[in-house]
Every structure is written in structure tokens, then in C-alpha cells.
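Next, two complexes with chain A in common: one pairs it with chain B, the other with chain C.
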Partner chain A sequence: MILKEYKYELGKIERGYNNRSLYINLSDNTIKEKEVTQFMKDKFIGGKGFGLWYLWNAVTPETKWNDPENEIVIAHGPIAGITQYPGSGKSLVVTLSPLTHMPMDSNVGGYFGPYLKFSGFDALELQGKAEKDVIIFIDGNKGIVQIMESDIEEKDSHLIAEILTERFAKDEEDKKNVSVVSTGSAADHTLVGLLNFSFYDIRRKAVRLKQAGRGGIGTVFRDKKIKALVVRFEGTKGNLNNAADQGKINRTGIKLHREICLLDDKQNRMRKIGTANIIEIMDQYDLLPTHNYKFGSHKDTYKISSDKFQARVTQGLPDGCWYGCSLSCAKAADDFIPQTGPYKGQKVIVDGPEYENAAGLGSNIGVFDRDGVLELNFYCDTYGVDTISFGTLTAFIMECYENGILDKEKTGGLELYFGNKEAALELLHQMARGEGFGKIAGLGIRRMKEIFIKEYGADPDFVNDIGMEQKGLEFSEYLCKESLAQQGGYGLTNKGPQHDEAWLIFMDMVNNQIPTFEDKAEALHYFPMFRTWFGLMGLCKLPWNDIVPENNKYTDEPAKIPEHVQNYVDLYNGITGKNIDKHELIRQSERVYNFQRIFNIRMGYGKRIHDKIPYRAMGPVTEEEYLSRQERYDKQLKELLGLDPENMTTQEKMAALRKYREEQYEKLTDAVYARRGWTKDGVPTIEKLKELGMDIPELIEVVKKHL
Partner chain B sequence: MIMVNGREFPWEEGMTVKRLLELKQYTYPRITVKINGEIIREEEYDTRTINDGDNVQCLHLMAGG
Partner chain C sequence: MKVLKKNPEKCIACHACEETCSKLYFKEENREKACLRIKETDSYPEITTCTQCGVCIDICPVVALSRDKRGIVRVEKKKCVGCFMCVGFCPEQAMFMHDDYIEPFKCVSCGQCVKVCPTGAIYMSEE
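Right after this comes the complex of A and B.
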């Protein structure tokens, strides 16, 4: 049954923008168009910038994630939708997170974003709550938007996406023109729900899913009673953005395609195995999170190394999540047969594994079993559970279990020790059913810590040390104990400990290229700003530095991949007809980055106290950890602190190391805030806002209360 | 003694680049090695020796997440 239909004039994209967005309120079924103003384009550019701006205007400091005022905004960006340059089909999703209570942003592939753009909109705002489950359909060729009651009984994404692709496509040929956004049954019962964005894989003749994973966006989606979003657009081609200089786009793209063709096999093998290529490398450098980040390597890592997954992943197919992406990192294990749960015995496709899945669902919870990782990966995706949060929160639970904070009585019989794949899978199934200990686990680490302390008598110091969350979001899957810069890369962030802002472990810990606080601060300024830019444009980060030109090592700043930075400048100028340089690129990001920081402050967070990280991220919490790397830590006590470890107990050594490392983090925080133009409490100064042209009255009003 | 990535490391007679990478357990396949600022080609790792007192950089161009 159609609840509301809205017809709109089809338009034409001009230099990367439609200059309008689509607003839908599910409380009263309002559907309307909004103008995308020059102000928005100048200050917020697009993608995540638009999402944050719309959300800012939708909520107040009192708004909670499950209030109707909260929005989910999906936006792409001016470059999104081109088919000439790899990684150009991304959507950015923004909402108030149920985990952090602050704006969350997540970057996702699949066809929805580009099709939304070609259908005539620079962003989609979803506000309000429906009474019953609804499906929202955008027909980008006919100019129709419909809100309809859902009649879909299936609860999980791989089925919902398949059914709706079938329903809204005219025929088999047309399925590639349909993209579905959905989540699964666990998003109804947990705070870690994700969104799956589909694309139709014409070679496999199957629907594939990419995830907007972080921060519980799927939970908000289901709270609004949205079953699915569907867009259909027929007529995709390479020039729909009506670029100012299409030739420049074409030339820039050809250059990178050639690079990938010549060098990928010698470099990161993204086409063969995707991001999973680094599993064993992380292990070899003691960076692979193992047993809740206690350790960085394990004797059984070879069982989940990239070659094991490569053997299971179908090879030889161009696996891009948007047209024209020759980096093709979107891998799939075909004909996988789960051994547990509602889809036991059925043949399914597992999208992945990404590195994060192998680490989070593998080593971090002690599951060194390739097919176990794949099964957890499949169920996380289709149930709509963020794999990173699931891996990290399960690792936390397992350490609590092994330390007697939890037992079988409290977990309803689940023996959640490290390596118990069956128990981890059952925990996940419970999350999907909203039953048992799965309901508690689905609240995330921050709330579990409160429960374990209040109800189970857990030692607050211990659970706060080992619970790998910050701002309410679970850490992603890198061990950062030996890299102060990466501790900042996790901690000194806007949305929480996700490595998409900065990944500096090798530059810092191994290469020692940023030895001083000032060096680290410069890196923690430049890289977060540079990476923010992908989210403003609708771009993927991977083609920036997972493939590099052959002569990159001869450049002044190899870590920045200068030639690729220039590619991005050229793409932006080619699309918009503007004439920015690499410095203005950073300023574009800085405007939005500072805006997001102020948004956090407006919501009651975003200050220095919120940037602290648990000690497990900094150093050894337990004697077991210290003793496992005693030589390393003893050496540091001698060389860095002038102590004689021979005359100290392990507890004394741990205390001295902890004091030192916590002081280092504070000094780093001072240096980074200074470099970013913030006060010692982490508040952007009015001078900084003026310098960026972001001295907008409503931002000044927020910050001046904290200066 | 030599410097490797800004930190002291024991030198040994006849130490090649390949030997140094083994000793440091640097297994990442994309490492740029510089000796006193000069980039060493991968084909020379087996034969190029490092002298006592050299300043060696083993730069991992690791993309990561």
C-alpha cells in the first residue's frame, strides 16, 4: 500500500551538483525538495559535510538518537558517480549515534549514492518515525518518490535486498539499476546495527552488500521503522556529472588504471585478496589484535592468513563496488554454507573478508578458523551487526569471562572463552533474536562496563582498562600500544576510535619518521584532514595509498603519495571548474572537521576528557601482557626512564611504564590541539574559525561558552 | 654500530641489506631502503654491504586501514 507519493521534475547535474536534496519525514509522510545553497557548497562541500549540516539543523543539544528529530542523512559528494577514477561511488551516512550520542559518519560502497545523485538529489534526509515498517522507493527515471507499507516478512539483509531488487527491477537486465539499503534483525535489538548498501553483481547474478558499519546507524534506521530504501536508475554512464573538464577526469583516471594494472600484483594485491592482504603482516609486526588487544601476534595466525582466504574467495572477477573501480577489492566467498543459525545448510555469498573482519572476528576473539570467521562475517552482515564492534565487544566479554567477571550463569550457558567459535556464533544469533546474553552484548562495551560493575561487582579499574571503547564506540582492529601517534589516531578523533582518520603505526613505530611530539602532531593534523576529504567527495580512501606510483619513493613525502594528492585536486577542479590546490583541499576538510568537533561540543561531548583512551590501547594492563614482551618493556624502562628493571617487581615496572605512557599521551594531546588551533581543552578557537571562514554565528555561540 | 630508522643497531662484518632486513625481521614486501640517504635498488639487497656507522632507513610504505 502506498502511503504517500511525490512527483518531481527530473533535472541535470551541473558540475557535480544537483543543487537540491530530498527530505522525507516519516512521522507525517512529508516529502519535499530542499535547495542546496551556495553557502552549503562553499562551507560543507558535500557528502559527510552535507550530512552534518542537515543534522545540525535537525537536532538540538537535547535530542537523543531515538527521538523522531534525529535524522539519517545519506549524501555522496561532487565527485561521486564518475566512472573514470577508481573508488568514486561512495555514500556517506550521518546520524546521531546510539553508541556515542554524537554525530556518526560512515563511508560505504554500493550503488545507492550514485543512483541517488543521478536521480536528482545531492542528499537524502530521513527524519521522523513511521508507525509501521515502510519501504521508500525513488524512481530516478520517472521522478517519483513513494513511501509504502512494507509487506516483507524476511528480516535479514541478504534476503531483503534480493527480494526488493527482484521486485523493483523490470527484468534480469534491469537489476543492475536497483540499489537497496537495508539492515537485519539484530538492528532491532542492539545498538550496533549497521546499514547494508546493495549492488547487483551481473557476473554472479546475485545481490552483493557493502556496509555502513560504524556507530549503530542501522539501529536508528529500524527505530524509524524503515525496512528498506530502494532507488532505481537506468542510464548510468560516465559523463552524468557534467564535469567542467571531462578530459581532465578521463586523463587522471587512465593514469591510475595503468598504475593499478602494472603494479598491484607487486604491491598490495588488492585485486586478488583486497584488504585482507595485511593479516599476516600485522601479525609479523606484533600489531594484530589478539585476545582483546592483549597481544599483537599468535602462533595460529597462519590459519587465517590471506592465502587461506584467497583460496576461498572467488578469483578473476572484477569485484568493484562501483563502476570503473579497477582496484576491485570487494571480494566474495561464493557458495558458503553456514553450519549454524537460521541459514544453516543454505548456500550464501559472504562479502569479504576485509582485514577488519579477519582480525575482529578471528584473532581478537581467538578464532583461528577461516570458515568460522566467514560464518561470523556472513551473519554479522545479514543480521546488520557492525563486525568491528562485534569483534571488539566479544573480545571484551571473553576476557571478562576468563577473569571470572562473567560465568555460565550470567551468560545463560555460553562459555565465552577465547577461541570458542560456537559460543561467539550463538551470541550473535541471540543478538538477532533479541534474547539472552546477546541483548546485553548488543548494548556495546560502554554500557556493558556499567552493568558488569554495578550488577556483577566487577573491578571498575580493570574493566575500564580492558574495555576497548572510547566515546562509546568500539576500537577498530589495530594494536596501538607501541605507537603513540596511532593512540592519537584513535583517540583524538571526532567520531571515536576508528582508524579512518589516521593510520600512522608504521610511520611512527617502525619507520620512526615522526619522532617528536610536533612531528606526530603534524601527522595528526594532515592525515585526518586529508582523509576527511574523501568523505566530502564520495570517494574511497583505498586508491589513494593502497597503490602507489613506481617513483613514489623518490618524492619528498612518500607517505602522502603526492602524485595521487594531485590527482584528487585535478578531479575536483575537473568536475567543478574551480581551481583549488592541495592546500585548499586541506582547508575544505578543516572546515568540516572543526564543524564536527563543535557539533560534538554542542551535544555535550567533544572535549579533552572525551579524547582519553583506555590503558589497554597504551600499554600492558596485566602481568601476563607485560611478561609476554618483558624484554621490550624492560628496555624502555632503562632507555626512556633511566630505571633499573633488575631491581623492580613486575608490578612496579608496570606502574612506572603506565605513568610514563599516560604522560606521553597527554603531551601528545597538547601538541595536537595546538596544531589544530584548539584550546588545551580541545575547543576550536574563534581565531581558528575566522581563519577558516567558519566564524558562523551559531558556531561562535557554541564555542564561546567553552573558551 | 649503525643507525636503523634513527635507532642504534649492532653492526656485523659483511652485513648486507638483506641480512639487516632478516635481523630486524622486516618482512613487509614494500620497503624502501636508504643508506646515508641513497636509495638502494631491491636487486642490490643481496650484495650491497652496510658499513659500520652507516645511517640506514628502512621505510615501510604501508597503507593500512
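Right after this comes the complex of A and C.
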């Protein structure tokens, strides 16, 4: 049944912009178009910038994630939808997160973003709450938007996406023109729900899913009673953006295709294995999170190494999550047969695994079992559970279980010790059913800590030390104890400890390229800004540094990959006809980055106190951890602190190391804030905002109170 | 299958083949729009031709490349989304892009270039 239909004039994209967006309110079924103004394009560029700006205008400091005012905004960006440069089809999703109560942003592949753009819109705003489950359909060729009551009984994404692709495509050939956004049953019962964005894999003849994983966006989606979003657009071509200089874009793309063709096999093997290529490398460098980030390696890692996955995963040919991605990290394991749960015994496709999943669902919870990882991965995705949060929170639960904070009685019979694959799977199934201990687990680590302290009498110091969350978001899957810069890369972020702002472990720890505080601060300024830019444009980060030109190491700044930075400058200029350089690129990001920081402050967060990280991220919390790497730690006490470990107890040594490391983090925070133009409390200064042209009255009003 | 083959030692780089090809294909004498390329070097000219190997077929994300009845690899322009991955991944560098078009183009083994080559530096061969 159609609840509301809206017709709009088809338009033409001009130099990367439609100059309008689509607004839908589900409380009263309003559908309308909004103008994308020059102001928005100048200050916020697109993608995540637009998402944050719309959200800013939709909410107040009091708005909660489940208030009707909260929005989910999906936006791509001016470069998105080109087919020539690898990684150009990303959507950015922004909402107030149920985990952090702050704006969350997530970068996701699949065809929805580009098709939304070709259908005529630079962003889609979803506000309000429907009474009953609804499906929203955009027909990008006819110019029709419909809100309809959902008649779909299926509750999980792999089925929902398949049914709707089938329904809205004219025929088999047309399926590639349909993209579905949906989530699964766990998004109804947990705060860690994700969104699945689909694309149709014409060679496998199957619907594939890519995840907007972090921060509970799927939970908000279901709170609004949205069952699915569907877009259909027929007629994709390489020039629909009406770029100012298409030739420049084509040449830039071909150059990178060639580079990938010649070098990927020698470098990261992204086409063959995808991001899982680094599992054993992380283990080698003692960086693979193991048993809730206690350790960085494990003797059984070989059981989940990339070749084990490759044997299972890469059937057929490399594929990308949007046209033109020759880096093609989007892997899938075909004909996988789950051993548990509602889809037990059925043949399914598992998208991935990506590195994060192999680490989070594998080593971090002690499951050194390839098929176990794949099964957890499949269920996380289709249930709509963020794999990273699931891995990290399960690891936390397991450590609590092994320490007696939890027991079988409290978990309803689940023996959640490290490595218990069956228990981890059952926990996940409970999340999907909204039952038992799964309901508590689904609240995320921050809330579990409160419950364990208040109701189970857990030692607050201990759970706060080992609970790997910050700002309410679970850490992603890198061990950062030995890299101060990466501690900052996790801690000094806007949305929480996700490595997409800065991944500095190798630069810092392995290659020792940023030894001083100033060096680290510079890196923690430049890289988060540079990476923010992908989110403004609708781009993927991987083709920036998961492939590098052959001569990269001889350039002045190899870590930045100067040639690729220039590619991005060329793409932006090629699309928009403007003439920015690599410095203006960073300033574009700085505007949005500072805006997001101020948005956090406006919501009551975003200050220095919120940038602290749990000690597990910095050093050994337990004797077991200390002793396992005793040589390393003793040496540091001697060399860095001039102490004599021979004459100290382990407890004394741990205390001395902790004091030192915590001070280092504070010093780093000072240096980074100064470099970013923030006060010691982490508040952007008015001078900084002026310098960026972001001295907008409503921003000044927020920061003024905190200076 | 008839494949265009080359013999660079015989090539005098008169570029007649390129001009003929672009004229036939795009109604314009423009070497940048030819489906084969002759490049002067210090030694013999470098001749770039398609071997019809089919590597590009598997690269294409929309299956716009396939073999026709003669076994020749063809671009189906209607399906093509202009990603130019095939251009980057062709081992012979024989798939081409020109700013005027949003689809790539390649040799279809028609043999017209062979007819104008004065020295026999390119020829058709049954493979």
C-alpha cells in the first residue's frame, strides 16, 4: 500500500552537484526537495559535510538518538559516481548515535549513493518515525518517490535485499540498477545495529552487501520503522557527473588502473585477498588484537591467516563495491553453509571477510577457526550487527567471564570464555532474537560496564581499564599499546576510536618516522584531515595507500603518497572546474572537522575529558600482560625512566610504566590540540574558525561558552 | 580467428594504418583515435596491436566486453559504464581512451589498416 507519492522533475548533474536534496519525514509522510546552497557547497563540500550540516539543523542539544527529530542523512559527494577512479562510489551516513549520543558518520560502498545522485539528489534526509514498517522507493528514471507500507516478513538483510532487488528490477538484466539499504533483526534489539547497502553482482547473479557499520545507525533506522530504502536507476554512464574536464578524470583513473594492474600483486594483493592480507603481518608485529587486546599475537594465528581465507573466499574474479574500482577488495565466500542459527544448512554468501572482521571475530575473541569467523561474519551482517563492536564487546565479556565478573548464571548458561565459538554465535543469535544475555551485550561496552559495576559488583577500575570503548564506541581492531601516535589516532577523534581518521602504527612504531611530539602532532593533524576529505567526496580510502606508485619511496613524503594526493586534487578540479591545491584540500576538511568537533561540544561532549582512552589501549593492565612482554617493558623502564627493574616487584613496575605512559598521552594531547588550533580543553578557538572561514555565528555561540 | 599481427622491423612509421583506422571508426583522420598505434623509438617503431587475448573481458564490471562470432573481443557501448579498467589492465596497452568519448575502443580485426600498409609491417593472421 502506498502511503505517499511524490513526483519530481528529473534534473541534470552539473559539475558533480544536483544542487538539491531530498527530505522525507516519516511521522507525517512529508516528502520535499531542498536546495543545496552555495554556502553548503563552500563550507561543507558534500558527503559527510552535508550530513553533519543537515543533522545540526535538525536537532537540539537535548535531542536523543530515538527522538523523532534525529535524522539519518545519506550523502555522497561531488566526486562520487564517477566510474573511472577506483573507490568513487561511497555513501556517507550520518546520524545521532545511540552509542555515543553524538553525530556518527560511516562510509559505505554499494550502489545506493551513486544511484541517489543520478536520480537527482545530493543527499537524502530521513526524519520522523513511521507508525508501521515502511519501504521508501526512489525511481530515478521516472522521478517518483514513494513511501509504502512494508509487506516483507523476512527480518534479515540478505533476504530483504534479495526480495526487494527482485521486486523492483524489471528483469535479470535490470537488477544491477537497483540498490537496497536495509538492516536485520538485531537492529531492533541492540544499540549496535548497522546498515547494509546492496549491489548486484552480475557474475555471481547474487545480491551483495556492504556495511555502514559503526555507531548504531541501523538501530536508528529501525527506530524510525524503516524496513528498507530502494533506489532504481537505469542508464549509468561514465559521464553523468557532467565534469568540467572529463578527460582529466579519465586519464587520472587509467593511470591508477595501470598502477594497480602492475603493482598490486607485488604490494598488498588487494585484488586477490582484500584487506584480510594483513592478518599475519599484524601478528608478526605483535599488533593483532588477541583476547580483548591483551596481546598482539597468538600461536594459532596461522589458522585464520589470509591464505586460509583466500582458499575459501576468492571464487571467480575480483570485484569492487562500485564500478571502476580496480582495487576490488570486495570479496565473498560463496556457498558457505552455517552450522547454527536460523539459516543453518542453507547455502549463503559471506561478504568479506575484511581484516577487521577476521581480527574482531577471530583473534580478539580467541576464535582461531576460519569457518567460525565466516559464520560470525555472515550472521553479524545479515542480522545488522556491527562486526567491530560485536568483536570488541564479546572480547570484553569474555575477559569478564574469565575473571569471575560474569558466570553461567548471569549469562543464562553461555560459557563465554575466550575461544568458545559456539557461545559467541549463540550470543549473536540472542541479539537477533532480543533475548537473554544477548540483550545486555547489545547495549555495548559502556553500558555493560555500568551494569557490571552496579549490579554484579565488578571492580570499577578493572572494567574501566579493560573495556575497550571510548565516547561509547567500541575500538576497532588494532593493538596500539606500543604506538603513542596510534593511541592518539584512536583517542583524539571526533566519532570515537575508529582507525579511519588516522592509522599511524607503522609510521610510528615500525618505521620510527614520527619520533617527537611535534612530529606525532603533525601526523595527527594532517592524516585525520586528509582522510576526512574522502568522506566529503564520496571516496574510498583504500586506493589512496593500499597501492602506491613504484617510485613512492623516493618522494619527499612517502607516507602521504604525494602522487595520489595530486590525483585527488586533479579529480576535484576535473569535476568542479575549480583550481584547488593540496593545501586547500586540507582546509576543506578542516572546516568540516572543526564543525564536527563543535557539534560534539554542542551535544555536551567533545572536550578533553572525552578524549581519554582506557588503559588497555596504552599498556599492560594485568600482570599476565606485563609478564608476557616483560623483556620489552623492563627495557623501557630502564632506558626511558632510568629505573632498575631488577629491584622492583611486578606491581611496582606496572605502576611506574603506567604513570609514564599516561603522562605521554597527556603530552601528546597537548601537542595535537595546539596543532589543530584548539584550546587545552580541546575547543576550537575563534581565531582558528576565522582563519578557516568558519566563524559562523551559531558556531561561535557554542565555542564561546567553553573558552 | 583473424588477428592483427605485427613486424616492427618492416615499419617505416608512415602512420597510414592509424589514419585509416580512425577514419573508418570515427570518420576523422586522427591518430589519437586509432585502434592501433605506431610509436617512433630509437630503434624500430613500436607497434601496439590487440592480440584478442581476452584479458579485458574478465576485467569489465558490467560484462560489456565479449567475443563475437568470429572470436573477436568487442565493446558493447550500450552496456559500458566508461570505467576504463580495461584500458589500464590490457597487457598490450591496446585498449584506448580518447577525451571525446566515454567508452573505450579497440581493434576489431577488420584488416583495413593492413591494406594500406606499404611494407607489410602489419598483417592479418589466422590463429
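Note that in this section the second predicted complex is superposed on the first by the 704 of 707 C-alpha atoms of A that agree within 3 Å, B and C clash if a C-alpha of one lies under 4 Å from a C-alpha of the other, contacts with A are read in each partner's own complex, and residues count from 1 in each chain.
Note that a contact is a pair of C-beta atoms (placed from the backbone, for glycine too) under 8 Å apart; a residue touches a chain by one contact, two chains touch by 3 or more.
Since we're looking at a predicted model, the values are computed, not measured.
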Determine, under the contact definition given at the top, whether A:323 touches first (chain B), second (chain C), both, or neither. second
Scan A:355 for contacts with chain B and chain C and give back first, second, both or neither. first
* Counting only touches as set out at the top, which of chain B and chain C does A:202 meet: first, second, both, neither? -> second
Worksheet item: Which holds for A:247: it touches chain B only (first), chain C only (second), both, or neither?
Response: second
Note to self: Applying the document's definition of touch, where does A:703 land relative to chain B and chain C: first, second, both, or neither?
What the structure shows: neither
- Task: With the two complexes superposed on chain A, say which partner A:503 touches: chain B (first), chain C (second), both, or neither.
- Result: first
Note to self: In the overlaid three-chain picture, which partner chain does A:256 touch, first (chain B) or second (chain C), both, or neither?
What the structure shows: second
*Using the touch definition from the top, say if A:176 reaches chain B (first), chain C (second), both or neither.*
second
As the complex stands, chain C meets chain A at residues 58-59, 61-63, 80-85, 87-89, 97, 99, 102-103
Chain A residues touching chain C in their complex are 83-84, 176, 202-203, 236-239, 246-247, 250-251, 253-258, 260-261, 317, 319-320, 323-324, 326
Residue positions on chain A within touch of chain B in the complex are 267-268, 275, 278, 281, 284-285, 355-356, 476, 478, 499-500, 503, 505-506, 510-513, 515, 542, 545-546, 548, 552-554, 558-559
So, in the complex, the side of chain B touching chain A is made of residues 5-7, 25-28, 30, 32, 39, 57-65
